Every structure is written in structure tokens, then in C-alpha cells.
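First subunit A sits with subunit B, and in the next complex the same chain sits with subunit C.
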Partner chain A sequence: MTSRRELTLTYVVLGAFSLFALAPVVGIVLTALQDPDGLAAFGSFNGLHPSNFADAWRDGNFGPYLRSSVIVMVVVVAVASVLSVLAGYAFGMMRFRGSQVLFYVVLLGLMIPTEAIVVPLYYDYRDAGLTDTYWALILPQIGTSVAFGTFWMRAFFRTVPRSLVEAARIDGASSWFTLWRVVLPLARPAVLTMMLLLSMWTWNEFLLALVMVTDEGLRTAPLGLSFFQGRNQTDLTLLAAGAVIVATPIVLLYVFLQRHFIRGMLSGAVKG
Partner chain B sequence: MRATASERPPGEPRLVGYLYLLPALVAFTAFVLVPLGRAVWLSFYDWDGVTPGTWTGLDNYAELFSEEALRGAFAHALVLLFFYALLPVGIGLLLAGLVARARVRGLAFFRTVLFLPQVIALVVVAVMWRMIYDPGSGALNELLRTFGLGSLTQSWLGDFNLALPAVGVVGTWVWFGLAMVLLMAGVQKIPASLYDAARVDGAGMVREFFAVTLPALRGEIAVALTLTTIAALRNFDLIYITTKGGPGDATSVPAFQVYDRAFQTGEVGSAAAIGIALTAIIFCFSFVINRTAERGYAL
Partner chain C sequence: MAGVRFVGVDKRYGSVEAVRGLDLEVTDGELMVIVGPSGSGKTTALRMLAGLESITAGEVLIGDRVVNRVAPRERDVAMVFQDYALYPQMSVFDNLAFGLRRRKVPKGEIAARVQRAAELLDIGSLLERKPGQLSGGQAQRVALGRALVRQPQVFLMDEPLSNLDAKLRTQTRGEIKRLQQDVRTTTVYVTHDQVEAMTMGDRIAVMNDGVLEQVGTPEEVYERPANRFVAGFIGSPAMSFFDAAVTREDGGVRLRGEGVDVHVPERSALPASVIVGVRPEAARLWGTTTGIAGPVPGTVVYVEALGRETFVGVDVAGSRLAVYEEGRSALQPGDTVEFGLVPGALRFFAPDSGAAIS
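Then we have the complex of A and B:
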């Protein structure tokens, strides 16, 4: 069907771009494994020294940073997921006045960038004594996560066959029972995809953490890495190791559950 | 847009719907909408964040046009739009056109690799590319020297003319995989009969691309452009870590100006105005992109 020449061209182009995507990642991993006392150049291979990770972990204080990231991520994803399932259920499976308008508000809310709300957030939270607490990181991210989650869960609930819900209602099931016992078991893949995307966005969030938190003990992993870079301009190997530490949890999730990540992002996932 | 019967959610009207909606709406209103409203309010003030502010009306918005630093920041965002949105979507289309005719084996593997830059924290991406661009030990200059092009080595992020494109290329790296995967997935949904028909008519690769592939991918192109455009316009992390807006103002972007003014130089009202303007621009771009795709004009 397709000529050999075309097929070869396809593989060459695909291969070239895959190489472009992969090279910097391989480069930083190799840099992180370099001999810390040897030549330090990005991406050059110079033995394998996994002990760099332990050194970076200690010098960069990454333990507490990762702990903060996990705390913030778990709370944001758990709360936002429950709220999103409830709201998506209402939008997707019930009729009530104003549901269209309210949904458009959520849709617009998806596009509001954190950059626009971070200024009043900081000054209002400062006045309320909330800066330098986990709340300052958790609450705004619940807000932006709920917008995406509601959008996502509504799309799923619209695909659930009506007959299922109507049968449950005829049997006298309450809407609450129908949600948790009838519909949600079907929603497991959709909920998992949502939770993965929210986890990724929360883990990677930088601006909010940069602005809201000055206390060393509350810094999240990306913020910790930026500070580590600031005071560690010369030691390439340690910085690379720190960067790999910060990226690894989400990359591991991606490797094992990539289908979910890709499906979620491809359906137009965007979060403020 | 009115919902047709088949799109309408099942069941009778139910007041209990509001109850399910309430917690999410409260959170969304309290943590997103109210701050947005507060940002609009702040944008009418000249305020340093400490002493009482003074009402200045639309002055902060007028500055967006009159102040050179701000005009520059928005212009830089438009340049980045090319690198973050147009280039990735262009590359994605090229590849989609190729894959449309071929039966590629191992597509799942390529997809996983191409998508990888998307899941890495932008702070990590920025640290990584700073090392690549490093004038001394950076991989890019090393590579040039290896190929005997030592005369082309540069201080990529330190040069007034090169810094912005250099940051732009990082954006291309982050986003081209998503555009590719999205468009390749779209191409596989195009019925083979369309291609057969084109081939019977004697269409070559290029004709086929413009007659079949491109029109069928409208929806995917719109999604890819929306995602990448928003990313380009609100871009902060990469700039903050790689260049801090420098050298001079060469890579300053709106989001960086928001941060700088609100938290460094004490121009809180101006920062709020930039954020609101940015939001408005994002709304406009998204609207135009999706409208164009819906109406079916050739992109």
C-alpha cells in the first residue's frame, strides 16, 4: 500500500523527533551519575556514581521538600476529586435550571491562569495570616483542580447509558445510592485519569509555592530545586541529581500508567 | 448553544442537583472567582502592597500600551507563541501526514517517548536546559565543537538576540510531543476510504495531506493550539529559572512582569492589571481558535 521509501522516511522522522525528546532526559540522568570529582559536562558519560543521589538528597534537603509536596498533593487531589465527582454527576446526569450557565462559568474558569489570581491570593492570605502554611498552597489548588475535575467528570457521566440510571430510579434507588453504587464503579478509569492529571499538576506547581511560602520546611519539591540551583551554581552533578529526584515520582507514575496520562491530556486537559 | 434531546442529561428536573454542585462551586468561587474579582479591583489602584493604595482608574491598563517594558513583555509572549504553539503543531501535522499513509509498527513506543517532556516538572526542564545551553560545559556548545563548528558556540541564554528563541526552543521541546500524539491519534480515526478515494484520483502525498488529512484534523488542531497557546501566554516557570527575564528585558514575559511587579518592585496594581489583561487575551485566543475550527474555515 505504501511505498518502502515513504515508510522509511516515516521511521526516520519519528526516530529523529523521539531522539530530540529523549536526549535531554538521558543527558541529565547521565550527568547525575557522573563522577562528582571528574569532568563535569552535561550528558557526558563518566562512570556510574549513584551515590550522587544520596549526596544531593542530603545537601539539597530534599526529604522535607518531597514530604511537603506529598502532603499538598494528597490533600488537593483527594478533596478536589470528591467535589468533582459530585459536581460532574449533577452536570452530567441531572437537569436543573441554570446548569448550562453554571457549566460555562466552570469552562471559563479552566482557562484562568494562576498568574492572574496569584497577586490577590498572596495579599489576602497574608492579611488572613495564611501565608507560610500548607493552606496557602492547598486551597487555591483545590479551586483550580475542581474546575478541571468537574469538566472531566461531566464528560464521563454524559457517556453513561440513561437506561442504567433510569432502572436504578425505578427500583427506588436514591440519587446518592445511584452515584456510589451504580455509576461510580463504571467511572473508575475516568476517576483514575483525573487523579493522575491533578497529581501531576499539583506536584509540578511552582509559582504558587514560590509566592506563598518562605519557610524552608514548607517548600515543595520544585521550589526546593530552584533554591538548590540558586546556591549550587557550580556542582553540575549534584544539581542534576536533585532535578532527577524531583521529576522521578511523576515520571514513574507516567511510565506505569501512561495510557491514562495521554488520554487525559489529549482530550484537551488544561488547568489554570 | 442549545442542548439537543440526545445531549440532554437523563431524568426529570432535579433540585437535588444544586446540592451536588454546591461544594465544588463554593470551592471554585472562593479560591478562583473571588481572587479574580479581587485582581480586577486591585488593578484600578496604585498600591505598593503596604501603605494604603490610591485609586487610579484605568491608568494601569493604559500603561500596558504606553510603557515600553510591558509592550515588550507582551511582544515576547507573541514570539513565544510561535515556538510553543505554531512550531509544535506544524511538526505534529508533518508527522500526522506521514503516519496517515503508513502502517507504523511500535507507535505505542514512539508515543510514550514523545509525550515524556509533558510530565516533567517545568522547573526540572528549565534546570536541564540551562545545563544544555551553558556556555562552558553545555551540551549544545560541546556538540557544535564536536562537529568542528566551534565558531558557532554561543552564550545562548546570555545573548540579547538569542535568549528569547533559546527559551522558545525549550517550549517547543515541551509541547511538540503532545501535538504529535494528538494529531497522530486523530489521523488514525480518518476512514481509510477517504484515502483510497484520494489515491484513485491520483493524489500524491502532498495533495492528499491538504485534501484529506488537514480538514479531518480540525478538531485535534484546535485542541492542540488551545493547549499550547495558553501555555505560551502564561509561561512563567521556564523564564524564572532560565533567565529571570534577562539579559536586560530580552526574555521578560507578562507572567514574569506580574511576579516582578507584585513581589519585587511593589507595583501591585500594575501586576494585577497585567494578570487580568493576560486572562482576557487567553479567553480571546481560545475563543477564536475554537470558533474557527467549528465553522470549518481552513486554518
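Then we have the complex of A and C:
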């Protein structure tokens, strides 16, 4: 039983942290809505001017950037998710020779930062004639995403009771059928959480896009935002509007999936 | 339907031997209970039969077919798991129909077979529910039903009652036995509970430490345990033991142990030293029955009153013996008491090997 005082204290602390987290977000939205001709100041309020978004959209050429981002994100997340589920199932539920060693090799992909490999990767892709194509953004990110996804799905599959899979085997189901019809329906929160995390990371990827593509038509949103920032250093309102535009899709995705996200984060933490 | 045979079966995990040289035959239509303490290899044996564990050496046969390298789904067995392993996202109907659908049984027949099993197990009203909405007993019956509809050659049951409360366990015990007698499908039933083994098995296989200790009807295993382990494991309260030196005397033998000095008439051919096994009903309070050997003095350690009968734990110079008393007992822990042994009901074991001496 929590006492009233404890409860109040909890709310005060949580409230303070929420404010701390929300303040910059609210600040940037308010800034983006400020009078473009007025005196811009971060977080201050002087009326609602949604026209800033239209200006930023036009000036910053955000349409093509967002399109690139969506293409890269959708392909990376879709392919990486399928591969991660398959690999996670194998590592989590099947017994085979060398599974330990192989799993550590996969984990390497999780430990090595992009910064460490981006330069040699650039030369390899240039030699293969893949720079300045979507492939240069998609393939390396599938690689790093599968490393995380495999780790994540393996952890989930290990929480599934073995007897469930064994029952299906005895009942006559193949491994393939068992995965898609018996186990995966239970994995929905875990899979959705993984997809959300991969989406966020892919959407926000900056370095790879910076190094791999020079063609403006291939630029992703964060890269576009950076160029936009370079051109409009002083126009705080316009910059804020651009930032909001780039962040909005992923925020919407999160809001849409957040129920599953929290369930996925909790799965495995406590025995359900 | 078919019988099952284990022929010289070994199972090793690295250097650990889970099962050693298992030879066991389950005849067609029989309910064989494999019983033993945890780690005795009983579940491993069952899982090898199911195809869930590989076989290190030896052969497992279902009917006349060696199934060592046959996939679980090709073995035509159905298994009931300890945690039931119901598919949580599927309705009870779909759970029951799962195995039949995988085997491409026509739709009409699936419906008929599920319906029949549901009636037999009284789960007809639950068919639309999900496993999460079932009580433990209901889930247990659905798990049984899932095995039943398959009409397999062999049922495998891995401690199916251990998650139920005591009352439901007793009830379901009878129900499984009745079902098995109805369908007469060969059944291998694994449990650590010797009461379950005694009440359900046509025959019992007692395992310990990876080795099969004895196979026989419940009566045989209880009355003529092959060795000290079986004697101590089967029966509740357990058989008590004490060491004794044997001398011949007056056409019988005299047993002398710590605090014990009794003459057992009409008993001969015992080695000089033995372990004496005494079931609770073979030890009676002195003066309540005639023809018992004694008296043996001791101190009451505990009194376990079950209503119709009472078991009195008596300490005799460091060994503890359970003594049977009819009805309620007036004894209290700390009381001194005398009891005697029923000569014909005593069991003797060799001190070194633990093997029974007949």
C-alpha cells in the first residue's frame, strides 16, 4: 500500500521528468508556429502561423526527401523484419551445431558502429557502382538491422514454451508452419516493437546518407534537413518548421504503435 | 494400435547419462506408468519415444517399426504435456482440430471427431473459448481431447496431472484411466507420483538414476519390490528400513539390530546380515494384534492421523519406523511405545547391492 505522501511525491517526480522531456518538443512546435516576420525566440508564443510549414516545405524541398526516406525505411524494415524473424526462430528454438558461434558473429553487427565501417563501405560500394543509388542506403541498413532484429527475436522466441513447438511437431506441423501459425501470432507485440525501433533508426540515419549519396533526388529527410539548416541559419522559425516536418512521420508511427511498443518492451521482463 | 519396445536404449548428454540400457516392452493396449524421482530419466525415455530427443544407442520400436530416425509427426503418437501446451491464439475447437487438419483429414470428419471427443470429455460448451479463458481442469481436458481426436497408435502423457489441485487430480486420474480403458490405446504415462502410478498403471516401470529398476503390476511392485530403492519409493507412507544381523533359532531366525531384537518364526535361508524393510502395515502396536514378532521399544516422533487410520512415526535407536494403528491414536510425540512386526510382511534386502532376498 502506497501512502498518500508517497503517491504525491511520485507524481511530482514523474511530472518533473515529463516536463523535462516535453519542454523541447513543445518549444520547437511553438517556435515553428511563430510569426515569421516577428522577433523569433525559441519557445515563445506570438500567435499561430501554420503557413511557416508550407514555406519550409517549399524552400526545403522536403517532398522528395521524405519520399526517399519512406522508400528506404519501408524496404529496410520489411526485409530486415522477415530475415530477423527467421534467424531469431532458428537461434531461439532450433538446436544445431555452431549456433553459439554464429550468434556471436551476428552480434558483431550490433557492436560495430557505422562510423567504423562507413569509409571502407563507401569504397566497396563505389567499386560495385552502387553509390548514389537507393541500394547504398538500403543494403547496409538491412545488415545492421538484421543484427539487432535477430538478437531481439531470439530473445522473444526463447520465452515461448518449448512444449508449444513440440506439441505442434507431434501434431504434424512442419517447422515453417509452426513458425508462422503457432509461434508468430504470439510474437506480434515483439515484432511490432522491433519494426518500430528499426523504423526510427532507419529514418534518423544520417551518416550513411551523407557519405553514400550526392544526388539530391536520393537525399533522405535528416540529410535534407541538415542542408536546409545550412541555408537558413538565422531563420529560427523556418528551421523549427522544417524539423517538425521531418520528425512528424516517425512520431505519428510511434503514437500509432505505442500500445504494442510498451507491451513488447515488457515481454520477457516479467513472466506473463 | 501397436505396442512399444525400448531395446537397450541409452541417452547421453555430453558426459551425463540420462538413460542407461533401457529395456522395456509395453504391450498393445496397455497403460504403462513410468515412475521415478526427478532426474530418473523417465521423461527423457518418453521424449525419445515421442521423437523429441535423439537416441544415443539402442532401438525404440512402435509396433514392428524402428522409429529411431523417424520424425515425431511420422510416428503417429499424441502427447499430453505437463503445461498442456495449448495453442493460445486458437479456440478450443481449433486446438483439437489442429493435428487432424495437418493430416488432411476431411472437414466433416474433423467436426465429427472433435464433437465426439468434446462429448466424451464434457468440454462441448468450451469449443469457442480460447485457452486463456479456461480453468486448469478444463485446459487439462482440452489437452487430453487434442490427443484423443488424433486416434494415434500411442498416447504419451508427461505428468499431465501435476498442475492440478489435489481433488481434481484424484478425479482426473480416474477419468484418464476410464478413457484409456474405453479406447484401449497403448499409453505410456510418466509421473513422479507413486500414488498415481499405483492407481492408474496396468503395469508400472520404476526408474532411478537412468536405470529401470523394476517392471510389474502395481501389486507385484508393492508386494515384491526388486530392490531397496523400489521398496522405499513405492508406497505411502514409505517402507522403513533397519540393519540387522541374522542368527538361526527355533526353526526361524532372530533379527538383531540397533534397539531391535526379535524372533521371526518360519523364516530361514537369510544371509548373516540384511536390511529389513517394514511397511507401515507390517508394524503394529504391541498388544493390538497376535502373532507379531517383538516387542520393539521406541519413542514416538510424530503422529499422522488420517481419520480411519493413523501412522505413528517411532524412533528406534536412530532408525525411524512408521507404525500402523487403526482409528485415532492416543499417542503423543515423546511417548514411549512398544510395537511388533508382522513376520510374513517383512522384506529383506542385501546390504551391499540392495537387491531383494526372497
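Things worth noting here:
Note that the second predicted complex is superposed on the first by the 239 of 272 C-alpha atoms of A that agree within 3 Å, B and C clash if a C-alpha of one lies under 4 Å from a C-alpha of the other, contacts with A are read in each partner's own complex, and residues count from 1 in each chain.
Note that contacts are C-beta pairs under 8 Å (C-beta built on N, C-alpha and C of every residue); 3 or more make two chains touch, one makes a residue touch a chain.
None of the values given here were measured: they were computed from a predicted structure.
By the touch criterion defined above, A:E166 reaches both subunit B and subunit C. When both complexes are overlaid on chain A, the residue A:F156 reaches neither subunit B nor subunit C. Once the two complexes are overlaid on the shared chain, A:F148 sits clear of subunit B and of subunit C alike. Touched residues of subunit A were counted for both subunit B and subunit C, and B has more of them. In the superposed model, A:V211 lies in contact with subunit B only, and not with subunit C.
Touch criterion met: A:Y123 reaches subunit B, while subunit C stays clear of it.
When the two complexes are overlaid on their common chain A, residue A:V13 makes contact with subunit B while staying clear of subunit C. Looking at the shared chain after the overlay, A:F177 reaches subunit C, while subunit B stays out of its contact range.
Overlap of the subunit B and subunit C contact sets on subunit A: residues 166, 169.
In the complex of the two chains, the subunit B residues touching subunit A come out as 3, 7-21, 23-25, 27-28, 30-33, 35-36, 38-39, 41-42, 49, 91, 94-95, 98-99, 101-104, 110-124, 127-132, 134, 137-139, 142, 173, 176-178, 180-182, 185, 205, 223, 226-227, 230, 233-234, 236-237, 240-241, 254-255, 258-259, 262-263, 268, 271-272, 275-276, 278-279, 282-283, 286. In the complex of the two chains, the subunit C residues touching subunit A come out as 50-52, 71-73, 75, 77-79, 81-83, 85, 87-89, 98-99, 102-103, 146, 150. Every residue of subunit A that touches subunit C in the complex is listed here, in rising order: 161, 163-164, 166-173, 177, 182, 185-186. Chain contact summary for the complex, subunit A toward subunit B: residues 1-2, 6-7, 9-11, 13-14, 17-18, 20-22, 24-25, 27-28, 31, 40-44, 79-80, 82-84, 86-87, 89-97, 99-100, 102, 105-106, 108-109, 111-124, 139-140, 142-144, 146-147, 149-150, 157-158, 162, 165-166, 169, 175, 200, 203-204, 206-207, 210-211, 221-223, 225-226, 229, 236, 239-240, 243-244, 246-247, 250-251, 253-255, 258, 261-262, 265-270, 272.
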